[in-house]
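Look for chain A in each of the two complexes below; its partner is chain B in the first and chain C in the second.
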Partner chain A sequence: MDIQSCVTIINEWDIVAARQLGRNVAKELGFGTVDQARITTAISELARNIYLYAGKGQICIDKLNENGKVGLRINAADSGPGISEIRQVMEDGYSTSGGLGAGLPGVKRLMDQFDIDSSPGNGTKIIATKWLR
Partner chain B sequence: MVEAERLKEYFLENADRIAHQWLDVIENDIRSLTGRISSSFFKELSKDTKQTIDIISKCIDPKCDEQIENWAERFGENRISMDIPIYQVMEHFRALRTITSDWQGAFLKHDPSVTGITAHQLGSEINQTIDEMIAIFIKKYTKLTRQRLHDQQQVIDELSTPIISITDGVAVLPIVGDIDTHRAKVLMEKALQESSNKNVNCLIIDLSGVLIVDTMVAQELFKIISSLELTGVKVSLTGMRPELAQSVTSLGIRFDDINMFNSLSQALKLYGIRQR
Partner chain C sequence: MRIPILKLHDCLLVSIQWELDDQTALQFQEDLLHKIHETSANGVVIDLTSIDFIDSFIAKVLGDVINMSKLMGAKVVITGIQPAVAITLIELGIGLDDVLTALDLEKGLEKLQQELGD
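Take a look at the complex of A and B:
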């Protein structure tokens, strides 16, 4: 049983592949349908951001087991332009692509834990975790 | 070059045997992977292998690009329709190189007057022909595979937007599965066109088959709805799954200005369609 599987994001079909991977892992870990939908949506948002802003990146899904707690971790990483104002992008309604601007704050709400590490010229790394209740 | 002529003749004389040898390798390989080979399939393979050896022999001197193009077209099509993966075909080409190399060796024994340098040159010519064949074959194979994917995508697009007229001006558009940007574009075009063709003034878009909506998809959906409303079509959404609703709310996507109904039957009741 693999602990981590990854999908490289270069074109739109890769977003679908990342979603499928996430959905399958979530199912395997025993997440209910609502949480499966949340996790898959979060992955879709993160993968799409990579596709739109960085051009290329990676989504890795980790199975977690910490002190008996089972969880799923999404690792989204890219070497794109990076985000200069993290606070701004975490605000609802802020968008640089004419979109709904709900992406990152939305992902934060969909998952239990959310961490973002990004700066101009250094790419972006986002880690989001959901625990099985 | 005189020696080239002699090699060409030697190969052509033995073409059947060479082809048969190669065919054996191919046949065993395919059989070991897929089990059985139908007789029509086998006939095609035999024709192919014979033609390949013919070309290699004739193209020893001079070059024959046009013949290779024609060969590649058939060879490629056959491999695709027989579902033989490209890596397997590459293995077959590798076997071909070994076999032709052995036969070159046999020719040199048969005709010991050929100098080392000439032998090397002849060998090089044959290898170049094989390489040319591989390159053109890969081009054709890729082109045909792309074409097939494109055709399949078209089938998916067509399956994708059934606008079903229910009654006077009321129609239903059930959406099933993931909506990516390409599909959203197709949906938009077809929804607008069909609504106009079928004189739809109320379109009910049913989302019960949709599992995932991310912010981009939601945006595409809103664009479609806005466009339809601009052409005088009133749009209602029905059947959003509870899981979907939860994700959508978390993402902060709002469906404020849109008529939402729990289910298709609820929406239809509004238009006076109910079970008698």
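Take a look at the complex of A and C:
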């Protein structure tokens, strides 16, 4: 069964709350310090993207248990402007904020699975998963 | 909460002991530059031993404050970066190139003395 907890992202403090939630869940699931840092950092980047580009959104953390495989899934969702050039934002070095975020390619490298669904006017949904090895 | 900045001879010592939020990080940036100005310090050691993750924002604030200090004439050494922090920073795509680093505070102070040329 998947268990979910969420943080609404409206201000900078919510970024801190989201990554603390993620770190606690990662610790609880038995992730080591390096994976804890990867997960915490990924959440921080995704929450900051919501704060910077959409203004408001939500970060939800799922505990996964699929056929004995334990994992943590980050769901980042907002109903902001959306992204028209997904291929472009997935390239290293692409930025519209003057380098405030490391961007989505970095988040993808930190996690095991990464999916993005976004189009102009329909917001952005990102799902990123890390499996316990 | 403000991060304490200590003076030791002609150097400043900073040990960041808790997770940085945006406001604390930006306040620290300003506080450090004022303290360099106030004390005429030549060097700064920023110890990150207690920090277990650094995201791109904190990395940018740190990188910026190092360059700002350099503009004022002070050298900065970063010490105590944890293995998990080094791994995630590189995976994230942040190299913090040209930043002086050392394993711990002691080695950081030694490095600073070498850099300052005595």
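Just so it is clear, the second predicted complex is superposed on the first by the 129 of 133 C-alpha atoms of A that agree within 3 Å, B and C clash if a C-alpha of one lies under 4 Å from a C-alpha of the other, contacts with A are read in each partner's own complex, and residues count from 1 in each chain.
Definition applied: contacts are C-beta pairs under 8 Å (C-beta built on N, C-alpha and C of every residue); 3 or more make two chains touch, one makes a residue touch a chain.
Everything quoted here is computed from the prediction, not taken from an experiment.
Trainee: Should the superposition on chain A be reported as showing a clash between chain B and chain C, or a fit?
Mentor: With chain A aligned, chain B runs into chain C, so clash.
Trainee: Counting only touches as set out at the top, which of chain B and chain C does A:37 meet: first, second, both, neither?
Mentor: A:37 contacts both chain B and chain C.
Trainee: Pick one for A:16: touches chain B only (first), chain C only (second), both, or neither.
Mentor: Once the two structures are laid over each other on A, A:16 reaches both partners.
Trainee: Quick one: classify A:48 as touching chain B (first), chain C (second), both or neither.
Mentor: both
Trainee: Which parts of chain A are in contact with chain B and also with chain C?
Mentor: Residues 12, 15-16, 19, 33-34, 36-38, 40-41, 44-45, 48, 92, 99-103, 105-107, 109-110, which sit in both footprints.
Trainee: Where on chain A is chain B touching in the complex?
Mentor: Chain A reaches chain B through residues 12, 15-16, 19, 33-34, 36-38, 40-41, 44-45, 48, 92, 99-103, 105-107, 109-110.
Trainee: Quick one: in the complex, what on chain B touches chain A?
Mentor: 178, 180-182, 211-216, 218-219, 241-244, 246-247, 250-253
Trainee: Could you please specify the touching residues of chain C with respect to chain A in the complex?
Mentor: 19, 21-23, 52-57, 59-60, 82-85, 87-88, 91-94
Trainee: Help me check something: in the complex, which residues belonging to chain A touch chain C?
Mentor: 12-13, 15-16, 19-20, 23, 33-34, 36-38, 40-41, 44-45, 48, 92, 99-103, 105-107, 109-110
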